[in-house]
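The letters A, B, C and D name the chains in turn, as written, and every chain counts its residues from 1.
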Amino acid sequence: MKFPKLTRRTSPQNSSIPVDDLGFGDKVARIPGTRLVNDDGSFNVVRRGRSVFAPYQELVEMSWPRFLMLTVMVYAILNLVFALGFVLIGTDSLTGIDSEASFGSRFLSAFFFSVQTFTTVGYGTMAPDGVAANVLASFLALFGWVALAVVTGLFYARFARPTRLILFSDHALIAPYAPTGKSLQFRIANKRDTKLINVNARIVLTWLEITGGEVKRRFAPLQLERDKVPLFPLNWTVVHPISEESPIYNWTKEDFNHRHSELLIMIEGYDESFAQQIHVNNSYTHDEIIWNARFEPMYFEAPASTELHLDRIGRHQVLEEE
Amino acid sequence: MKFPKLTRRTSPQNSSIPVDDLGFGDKVARIPGTRLVNDDGSFNVVRRGRSVFAPYQELVEMSWPRFLMLTVMVYAILNLVFALGFVLIGTDSLTGIDSEASFGSRFLSAFFFSVQTFTTVGYGTMAPDGVAANVLASFLALFGWVALAVVTGLFYARFARPTRLILFSDHALIAPYAPTGKSLQFRIANKRDTKLINVNARIVLTWLEITGGEVKRRFAPLQLERDKVPLFPLNWTVVHPISEESPIYNWTKEDFNHRHSELLIMIEGYDESFAQQIHVNNSYTHDEIIWNARFEPMYFEAPASTELHLDRIGRHQVLEEE
Amino acid sequence: MKFPKLTRRTSPQNSSIPVDDLGFGDKVARIPGTRLVNDDGSFNVVRRGRSVFAPYQELVEMSWPRFLMLTVMVYAILNLVFALGFVLIGTDSLTGIDSEASFGSRFLSAFFFSVQTFTTVGYGTMAPDGVAANVLASFLALFGWVALAVVTGLFYARFARPTRLILFSDHALIAPYAPTGKSLQFRIANKRDTKLINVNARIVLTWLEITGGEVKRRFAPLQLERDKVPLFPLNWTVVHPISEESPIYNWTKEDFNHRHSELLIMIEGYDESFAQQIHVNNSYTHDEIIWNARFEPMYFEAPASTELHLDRIGRHQVLEEE
Amino acid sequence: MKFPKLTRRTSPQNSSIPVDDLGFGDKVARIPGTRLVNDDGSFNVVRRGRSVFAPYQELVEMSWPRFLMLTVMVYAILNLVFALGFVLIGTDSLTGIDSEASFGSRFLSAFFFSVQTFTTVGYGTMAPDGVAANVLASFLALFGWVALAVVTGLFYARFARPTRLILFSDHALIAPYAPTGKSLQFRIANKRDTKLINVNARIVLTWLEITGGEVKRRFAPLQLERDKVPLFPLNWTVVHPISEESPIYNWTKEDFNHRHSELLIMIEGYDESFAQQIHVNNSYTHDEIIWNARFEPMYFEAPASTELHLDRIGRHQVLEEE
């Protein structure tokens, strides 16, 4: 599973679909100030119409607070409903409940009984009496039993989802670079000791251009000095040399700004610990590029091993203009 | 895991196995009106003989209603069987049951006791008495315990199966296309925000041909203007330009119909959320192709993001004949 | 993940490691009558020395009867041990047990109590009394709780393992084949409706040869008329044309036999239902090759779909010698 | 998922990033005696700063003793906290507890009650009384219920992680080799019967060099006689022929030592049993290379199968200097 080579259309030449657009097309996000890729790597796209019923995916993808809140709510509501059932069956449906007590008191007792059955605790101080209550309790127990299976599956699915293990520098830099004078750089590191291998980087620049009075979105890949590292033990400074072949050769800071440029970054690699291929997107907009700066080292040699300082990922030094 | 290039037989030339047949062969489905690929993407093939015992696969692949129904049925039957066991052991095998009661009443009580043990609720208002009843209850508890493990595994497996996240337009269109005049098009979109990357499309046309009095099924791949998008944030109109090299150059609507043509569509991509490669098949039969029409836009620019209207996936405009 | 091309050593030429040996080497299984690949696709190799402690792998790979037997045994032994613990703590450690009863009777009661705690049924007719018994019961409940987690994981892992979905014909055939006169064939089919895609076949012939008084094992790949099918809806007859380029050109039945030939078959494909790549090995020894025969059709056209008769997978017709 | 070809920088030539460095860079571990890859295959790198909150990954990656210890501790602490809660609610919050007893005694009883609820055993000899105690018990039961789901997920995730199935010889050898005179060799074997296929090996030599007063780390790939085996039924001796093209041509034992050389080994393959790609790193430092020795056979032919003796993986014979 490698990033495909950018597919260049060989024929027909005059098609309306732009080359290297990564699937965005040239009519997207032409209102200045709109970014294509959000900070969390998701696309800046909202889906409307034809709502998709995919409860499992939503339960797996929602945030942890929402998921836990939902679990508690479903637990509460379900037991309230069953409690109502037991109360409706009659005052004698549960032993251990004072049938003379108020409705509220009996309902509360039935709720606690329901919880005890649903979670299969079953103290037995309250217990179903009569066929109707027993049938309802049997259903409730099955419900709890199946719910445990479902919730276990959901927790595991949430855990097993690939997580963003790659740390990006907050800014990209226009940095000095001996072979070509200048380069565009950003820096990534592996957040954890987990082994990432065969890590692959790719940058596509996108910008707005006015052609014949119409705003069009343009895309161009930026060649990298090195686009792959077999192992990824430390940090990796991804470098685009700004040579004459570069689409951004001679671009000034103002060019970047008034063209509303955005660098789309795609990183992929293989996570050995979880045996899965990971893909991470990110982007730097024109105002996240720092001119004439240089990254400072983020790893240092200690006597027996090498120390990688993750908090230095973005540490850079702005150089004086000559 | 890419779609292989269609394997062209280099030698021997006069083999009886057709090129580009995707594995169907030229003798399949030659009765007009039979489609190769069903609406849900499955093959129109029925397996007979040598029944395969693969209960796990069937439990994972069956529909949700059937699966839930089956769960309830197994739960009921299993507890009925154990209830019978307790009743057969004797009237005194369970405490809390009136040994003077009718068989039906005792059986029902034993059933509820069985449920309480199987689900591990265990109120204790009924409890096994004597060695035989205790041994049976111990087995029943083990059964329930293992059943919970099995059912949990089944639910997770059902959840984790790849789902059809790709939405297809209901029809394919024969649409105007500047470079070649005409093109065959259909449109796909990602139903959810889940990221699909490296999405790949492939079309193979199949039709029936009479050669020397024998009906043969033919296959031919249709070249695409673009067969891959690295990212898939919005919709993608897959376009086969009808140029002189196209197998359907000069085909009329009648040609499509009387040859019983069917477009076999294969889409694949990598689902980042679930870290798995997905493959989706689909097909358009000749009566699902609309002539001289054009897809209308399905995404629009909003101030801060782009809106994709999924309910417009099939929206097209039929053009007037000139 | 494709089968690699067979790696031909380009240099140095006179190495002692044979080309195309698939990893077996030329000194393996040189005693006539020994096959390299067993009927179930495993290698005919026994591992000795340095026993590997991998309980999880063994629990996942063992047969179902052994696994279930082991589950029941561990359940029984564990509860017997805890029962002993409760009895040793003293006659009063559990309420609901007659402390005047015989040791056997008390031990049995303690065992049933242990089962009720381990499975979390907890009727409460027996309950721990005193600190020691409560501490032991707390450990037992934790044990049962963790054991349920472990057993659930094991069941799921056992379920999720790739299964052999591919059916092979019992014999390979030497069959007439128009382009070259003769061919070597075998037939495979997908046992279930599960979609297998991008199915790939490969045959390597291995035989024994006496060179300078020493028995050596030789290997040669057999080229296939077609080595890949993108879809696998029906059966696939894998054909090696016996042309002049074939290593078995002019081999007689006797040559196959006295050279102790074995056809090593490797099939791989992508199982869409479970989103995993599957690999199946098989082999046909010289006495599993039928000469001068032809496979009979195994699929037939029904009005609305195609019927595939799995029980006909090996059906062939022996042709008369001319 | 293949190891990428080592990316050679084609331009610009005078970059500061060394070729073939695998991602380590030339400034890492320049203190003599520091190894790049540890014995267990992990990188000799310590992460500092910006602590990453990834509890799931840590729980899955920690050792079994630590994980089990943690499970027991969390179980104990959680129940102690809830026990405190019940005691704080009041002496009458739990039935079955003598409200006249000492605080210690009541706390202990409340702890056992908490355990009985958390694990859902629920004997019922103690039970919550009053609304506050019932509400607390309901939360506790939910907690236990969710905890079981979480722990089940964790156990499965721990089980399903790829394990190191590949056994390496303890030493690499400089061995006689007919075509070139000498070779560098090491030996690997599959520890278990599990099928590994398409196994791939790669060696990169790294050493320290003093250039212009500065210590730099160098890297060079070593070509292999054979770098891939389709099947891996027995052992595999990985051989680098020391020809004139080899970077270590004419290196003496002293050269290896004073350059602080280290052989970085990368093995990858596909594990059929668990349907996952596995990657194993290893390294041999200069003092783990034995000169002028030869591996002795580690498999032998038995009448019906081949025996592989894993304890002979490192067995070698030191040859006499001529």
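By our rule, a residue touches a chain if its C-beta (ideal position, glycine included) is under 8 Å from a C-beta of that chain, and two chains touch if they have at least 3 such contacts.
Quantities reported herein were computed from a predicted structural model and do not represent experimental measurements.
Chain centres here are C-alpha means, and the one lying farthest from chain A is C.
Homomeric contact chain A/chain B is classed as different-residue, with under half of its interface positions used by both copies. Once the centre of each chain is set as its mean CA position, chain B and chain D turn out to be 37 Å apart. A separation of 26 Å divides the Cα centre of chain C from that of chain D.
Residues of chain B in contact with at least two other chains: 1, 116, 120-124, 148, 152, 154, 156, 277. Chain contacts here are complete: no pair of chains fails to touch.
Of all residues in chain C, only 1, 3-4, 6-7, 9, 12-17, 22-25, 28-31, 34, 36, 42-50, 52, 54, 56-57, 60-61, 95, 116-117, 120-124, 127-128, 131, 134, 137-138, 141-142, 144-146, 148-150, 152-154, 156-157, 161-162, 266, 276-279, 281 touch chain D in the complex they form.
Looking at the complex, you find that chain B touches chain A at residues 1, 71-72, 75, 79, 108, 112, 115-116, 119-125, 148, 151-152, 154-156, 159-160, 163, 167, 178-180, 191-195, 197-199, 225-234, 236, 239, 241, 243, 270, 272-275, 277, 299, 301-313. Chain D contributes residues 120, 122-124, 152 to its touches with chain B in the complex.
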